[in-house]
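The next part holds the structures, each set out as structure tokens.
Below, chain A partners chain B and then partners chain C, in two separate complexes.
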Partner chain A sequence: MKLKEVVKALGLEILVFPAPDLEVHDGYVSDLLSDVLAHAKPGELWLTHQRHLNVVAVAKLRELSGVIFVRGIRPGLDVLQKAREEGVNLFVSESDAFHTAGRLHRLLFP
Partner chain B sequence: MISPAPLRHREIFPVAGLDLERAGTVSTEVQRVLRKLGVEPEVVRRAGIVCFEGEMNIVLYTPGGRIILLVYDDRVELIFSDQGPGIPDIELARQPGYSTAPNWARELGFGSGMGIPNMETNSDKLEIRSRPGEGTVIRAVILRRRNETEGSGEGPRP
Partner chain C sequence: MRWFRIDLHIHSVLSPCGSLAMSPRRIVEEVRKAGLDLIAVCDHNAGENGKYVRKIAKGSPVVLMGMEIQTAEEVEILALFAEEEPCLVLQEELYALLPPIRNDPELFGDQLVVDEEDEIVRSLEKLLLSPVPLSLEEVVERVKARGGLVIPAHVDRVPGGLLGVLGFFPPGEWPAVEISPWLSLKEAKERWPELEGRSIFRSSDAHYPEEIGRAWTEAYLREPSFSELSLAILGEGGRRVRPGPALKEG
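Then we have the complex of A and B:
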């Protein structure tokens, strides 16, 4: 499914969205950066509570399709700026990790 | 084991200790350099992860250090060196889940004890030399296999 369709279906708030046509096949939920680097697969959508600069670096290194900050968590302007530079998609979900992941799962694996 | 191949590129990146704001910048820069040199995408991916974990170790635990990138025709090498406290028990540090990270780092999602294991998974050879009180040198070798299938070199997924 295209990322822009996922964003619309989940009602995500867009923070940085340079690549709306990326394909999303799966998701990954973790707040541990090394865990994401070890186990997330390229193209997955990452749900996290972390909101510092390294989130952008990890998403870029792992070639993820984007990052969803859950429970309405918002990163600072420096993070948005970095994501723009690196071409990393960033979103906010008002619902918590459990419910956001649940809705994403239903969408991708109906 | 390692054949003599011509050196194509050499670059040194300084890493500031305890500077989380800039942490991660060397890894993304290393990936950019490797891509520009036409290094295989899977090797770029693995080198990026090895570099990030090594960079984070320097940032989190030491007053600073440097990363040397060496690109050969048959391999990429990353050498991390620092003047930090050293690793008293290297075998322990190689075990998944072992961490000495302070709480502030754990709250930011670091210190899950997967840094060195991730470096091992994504490199073909990882040498660690450390002396408590003097510092640590880690050398990671990532072999370039030109006909490598996409997806190899990934860490195992439980």
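Then we have the complex of A and C:
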């Protein structure tokens, strides 16, 4: 499924969205960046509470399709700036990790 | 100059997870038995018991003031100070910012300030096992603004360690880091090549009296002091630090 369709279906708030046509086939939920570096797979959409600047670099390194900050968490301007430079998609979901992941899962694996 | 043995990460009864037996008196007793020359008592987001540990130790061992601060990212860092005031002022600042979650001593353990006579001075009401709502950057800035030293604690640990949580070093200067008691230096550097060239500490992270002395750092200094340690971290004038041997698992 195209990322822009996922964004619409989940009602995500867009923070940075340079690559709307990326394909999303799976998701990953983690707040530990070392865990994401080790286990997330390219193309996955990443749900997290972590809003440190390193999130952008990790998403880029793992070639993730984007990052969703859950429970309405908003990262700082430095994170947005870096994401624009690196071309990393960032979103906010007002609902919590469990419900966001649940809806994403139903969408991708109906 | 000579090698001194140091442990900058010892908890006391002020940490909810620290044993009730970890009074300032007992800590000094155990530290002397273990032959440590320089220590810091770093409780979770608090450093007040260091004051009493100092009174009892009377310079033997030398006691730095310190705290183990948990940042908003849930990264834990050791903040170390030569003097009492900046540490205690920062403790008050952080305490005011901590979320209003009351500690339940039955569940988490007591958070007690205990004096040099083993008397309870006060009990901290808010749960200290919470991250302060300040980013890693903000915490580092506050510590450095007060002349403190920053050493990210057990960087390899998940959760709580800088590399475990954040994956790699964020921008900024990170000349000194602590690795877990159980992790060998070789293993640490294989896993994180970026540790090369930094001053690597190992500490006991003792929560119980019998854990004091189980792990340490060796530092080549003129004398065991905050200023000498600061120079050693930067490798000035032949001063340097090296982690003691890794603790065997179990």
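The criterion applied here is as follows: the second predicted complex is superposed on the first by the 110 of 110 C-alpha atoms of A that agree within 3 Å, B and C clash if a C-alpha of one lies under 4 Å from a C-alpha of the other, contacts with A are read in each partner's own complex, and residues count from 1 in each chain.
One rule holds for everything that comes next: contacts are C-beta pairs under 8 Å (C-beta built on N, C-alpha and C of every residue); 3 or more make two chains touch, one makes a residue touch a chain.
Since the structure is predicted, the reported quantities are computational estimates derived from the model, not experimental observations.
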First, second, both or neither for A:Glu86, with chain B first and chain C second: first
Contacts of A:Leu15 with chain B and chain C, given as first, second, both or neither: neither
Contacts of A:Leu53 with chain B and chain C, given as first, second, both or neither: both
Chain B or chain C, by number of chain A residues touched: B
Chain B versus chain C as contact partner of A:His39, first or second or both or neither: first
Contacts of A:Leu3 with chain B and chain C, given as first, second, both or neither: neither
First (chain B), second (chain C), both or neither touched by A:Glu63: first
Chain A positions touched by chain B in one structure and by chain C in the second: 31-35, 37, 50, 52-54, 57-58
Residues of chain A that touch chain C when the two form their complex: 31-37, 50-54, 57-58, 76
Complex contact set, residues of chain C against chain A: 73-74, 135-136, 158-159, 163-168, 170-171
Chain A-touching residues of chain B, taken from the complex the two chains share: 20-21, 23-25, 27-28, 31, 45, 48-49, 52-53, 56, 108-110, 112, 114-115, 117-118, 121, 154-155, 157-158
Complex contact set, residues of chain A against chain B: 31-35, 37-39, 41-42, 48, 50, 52-54, 56-58, 60-63, 78, 86
